[in-house]
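Chain nomenclature is as follows: A, B and C, assigned in order of appearance, with residue numbering initiated at 1 for each chain independently.
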Amino acid sequence: MNEGDILTATLESFLFVAGEEGLTLKQLAALTVCTEGEVTDALERLLAGYEERRMSGITLRQYGGVFQLVTKAEYAEDIKRLFENPPSKMMTQAALEVLAIIAYKQPVTRVEVDDVRGVKSERAIQTLASKGFIMEKGRLEASGRPILYATTAYFLDRFGLNSLEDLPPLLQETEEDEDTDLFLTKFQDILEAQEEGGNSF
Amino acid sequence: MNEGDILTATLESFLFVAGEEGLTLKQLAALTVCTEGEVTDALERLLAGYEERRMSGITLRQYGGVFQLVTKAEYAEDIKRLFENPPSKMMTQAALEVLAIIAYKQPVTRVEVDDVRGVKSERAIQTLASKGFIMEKGRLEASGRPILYATTAYFLDRFGLNSLEDLPPLLQETEEDEDTDLFLTKFQDILEAQEEGGNSF
Amino acid sequence: MSYNVKLEAFEGPLDLLLHLINRLEIDIYDIPMAQLTNQYIEHLHAMRVLELDELSEYLVLAATLIEIKSKMLLPVHEGEVFDDEGQEFDMEEDPREELIARILEYKKYKEAAVQLKESADERAVHYTKPPTEVEAYGAVAPIDSGDELNVFDLIGAFQRMLQRRRLKAPMSASITNNEISVGEKMDEIMSQVERKGGTCDFEELFEEGDINGLIITFLSILELMKRSDIIVEQHGNFDRLQIRMQMEERTYE
């Protein structure tokens, strides 16, 4: 048995035991006394094996900064039959909106969230906290010292993200830039028109 | 992809999700809508794959009529090390669960904790007590006078809480109620079926 | 014109505004204020069941809309523009600007919420397993590894447990063909108890079977108790229940 195979097998056994808690690259390297590069290579072989092998119902994913073994998507419907109750309940639109605002603007106060939505978000924030998706992360150094909210690692896991950098870009950011450009262009136009007309202000 | 491979992969995904509880041949056959013979063949292919594959750290075992995925024996020592020197917060899931239940329901008996988790929690309670997170706080005035557990000041300190009132509200939803309803509905169904079948008891 | 407005469909005044802009196919960068304001107010009228708290939020925005509308009616003088306080302000300032910015900001997160939902749905098709219990490897986990713990670790653990507890292996549909009647089960229980020397643990009788099977077993025990064929005893409050045979075996079928 070659050493690469042993490493891959050892990693698989660790990941199996850790289950949904997963393990980071750093942790896997420390546990196997290998470099992160070696571990990465071995994890790639493990993943390739899962993906190639038709007989395999599991695969490797990276969520919330940790590597985890998970079942392949194609067996989701079958697995659902194992559950007496459907596992995940739909979140309300309000909770999703609040979660999106917190995810992108974190750390953020409740008032800031309220401002974006134009409605009070207190209840949604409580729900999200009790579901483990958001947490309190210090207080703003301002009058009233309001609580700052941030998302948790559990949020990243459940929403299939590895880190906050994986959040899809906000759709309108580019449009806004264009908007600014447009605005500036218009401003220039007006300035020029004014100058030509000899009107100073 | 041939059907045998799909069956094998499906079985692997089921066994993975079932974890330590495992699944019986009967259950696997019912879940896959296959005969027990077909399932046995597929499980043999799954096992053969694990044993042939050097890269594999897991394998299939049958204990007491239950099939489960387990790590290969040769990695047991490595895994033991992983448990004894957890690289981070990992492997604390069981202890954290018990601690959460005690924190929110205190004072609470071990049996109540077991009931909420659906598994025995004795070991985790011992560990938590020896680490100073929980303490005995009197006994329940009921037969057997079971010990009541509560969290300590050290718990509050380690979790950055001023008092128990700082614990965020915990959302348990109505899932448990739904479970009960499901059970009762089924109960009614069976009662009716029995009566229709002319079976008096 | 009257509308059938479902209040629950809107997440707040900005959501309503966004809905109107989409429905009326309005260019968000050049909002016809009079039209939008009228539509908004008409909707408010139709939404009768608003809670006071919510209503005030909708009304604040209505006031803003009216204010912008009136500002836009002010004559714009060439070269010199004043706001209500008579202060000179920059010509390029459009009274709608702040409103547009707010709507766009809200729209951005509303769309992000949709993407998050999709992402969560994609994640939901991959199932995981709970971590293997330490005891399986004869080790003891040091739970206090010096890491910073916070109360949200507790909540996360609790939520995972709830998810896990929804996993209940055997499927009832499968076992229906091997289902036995209460009468048969009563015989089975009696012979099981007899084999064990006349007493056995209550729980031993429930070791296998799906929910239907367990219910049948339970009903059978109740019936046997009623007939005084067995006695169920418990010595301490949390001790295991014991089943004890009361008479010699009988047949019920």
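Here is the rule we use: contacts are C-beta pairs under 8 Å (C-beta built on N, C-alpha and C of every residue); 3 or more make two chains touch, one makes a residue touch a chain.
Quantities reported herein were computed from a predicted structural model and do not represent experimental measurements.
K.L.:
Looking at CA centres, what chain is most distant from chain A?
P.N.:
So the farthest one, by centre of C-alpha atoms, is B.
K.L.:
Quick check for you: compute each chain's CA centroid and the global CA centroid, then name the chain with the smallest gap between them.
P.N.:
Chain C is the most central one.
K.L.:
What whole-Å value do you get for the distance between chain A and chain C if each is reduced to the mean of its CA atoms?
P.N.:
Here the centre of chain C sits 20 Å away from the centre of chain A.
K.L.:
Where the CA atoms of chain A average out and where those of chain B average out, how many Å apart are those spots?
P.N.:
The separation of the two C-alpha centroids amounts to 27 Å.
K.L.:
Could you say which residues in chain B touch two or more other chains, in rising order?
P.N.:
Chain B, residues with two or more chain partners: 13, 16-19, 31, 71, 79, 88, 90-91, 93, 168, 170, 175.
K.L.:
Mind pulling the chain C residues that touch 2 or more other chains?
P.N.:
127-132, 137, 150-152, 155-156, 158, 160, 166-167, 169, 171, in rising order.
K.L.:
Tell me, which parts of chain A touch chain B in their complex?
P.N.:
For chain A paired with chain B, touching residues are 1-2, 5-6, 8-14, 16-19, 21-24, 26-27, 30-32, 45-46, 49, 53-58, 69, 71-72, 75, 78-79, 81-82, 84-85, 89, 126-127, 129-131, 136.
K.L.:
Where on chain B does chain C make contact in their complex?
P.N.:
The contact residues of chain B facing chain C are 13, 16-21, 23-24, 26-27, 29-31, 71, 76, 79-80, 83-86, 88-97, 99-101, 103, 109, 111, 116-118, 123, 127-128, 131, 133, 142-144, 146, 158-161, 166-168, 170, 172, 175, 183, 186-187, 190-191, 194, 197, 199, 201.
K.L.:
Show me the residue ranges of chain C that touch chain B in the complex, using the header's touch definition.
P.N.:
127-145, 147, 149-158, 160-162, 165-167, 169-175, 181-183, 186, 211-212, 215-216, 219-220, 223, 236-239, 252
K.L.:
So in the complex, the part of chain C that touches chain A is made up of which residues?
P.N.:
11-15, 29, 53-54, 57, 61, 79-80, 91-92, 102, 104-117, 119-120, 122-132, 137, 150-152, 155-156, 158-160, 163, 166-169, 171
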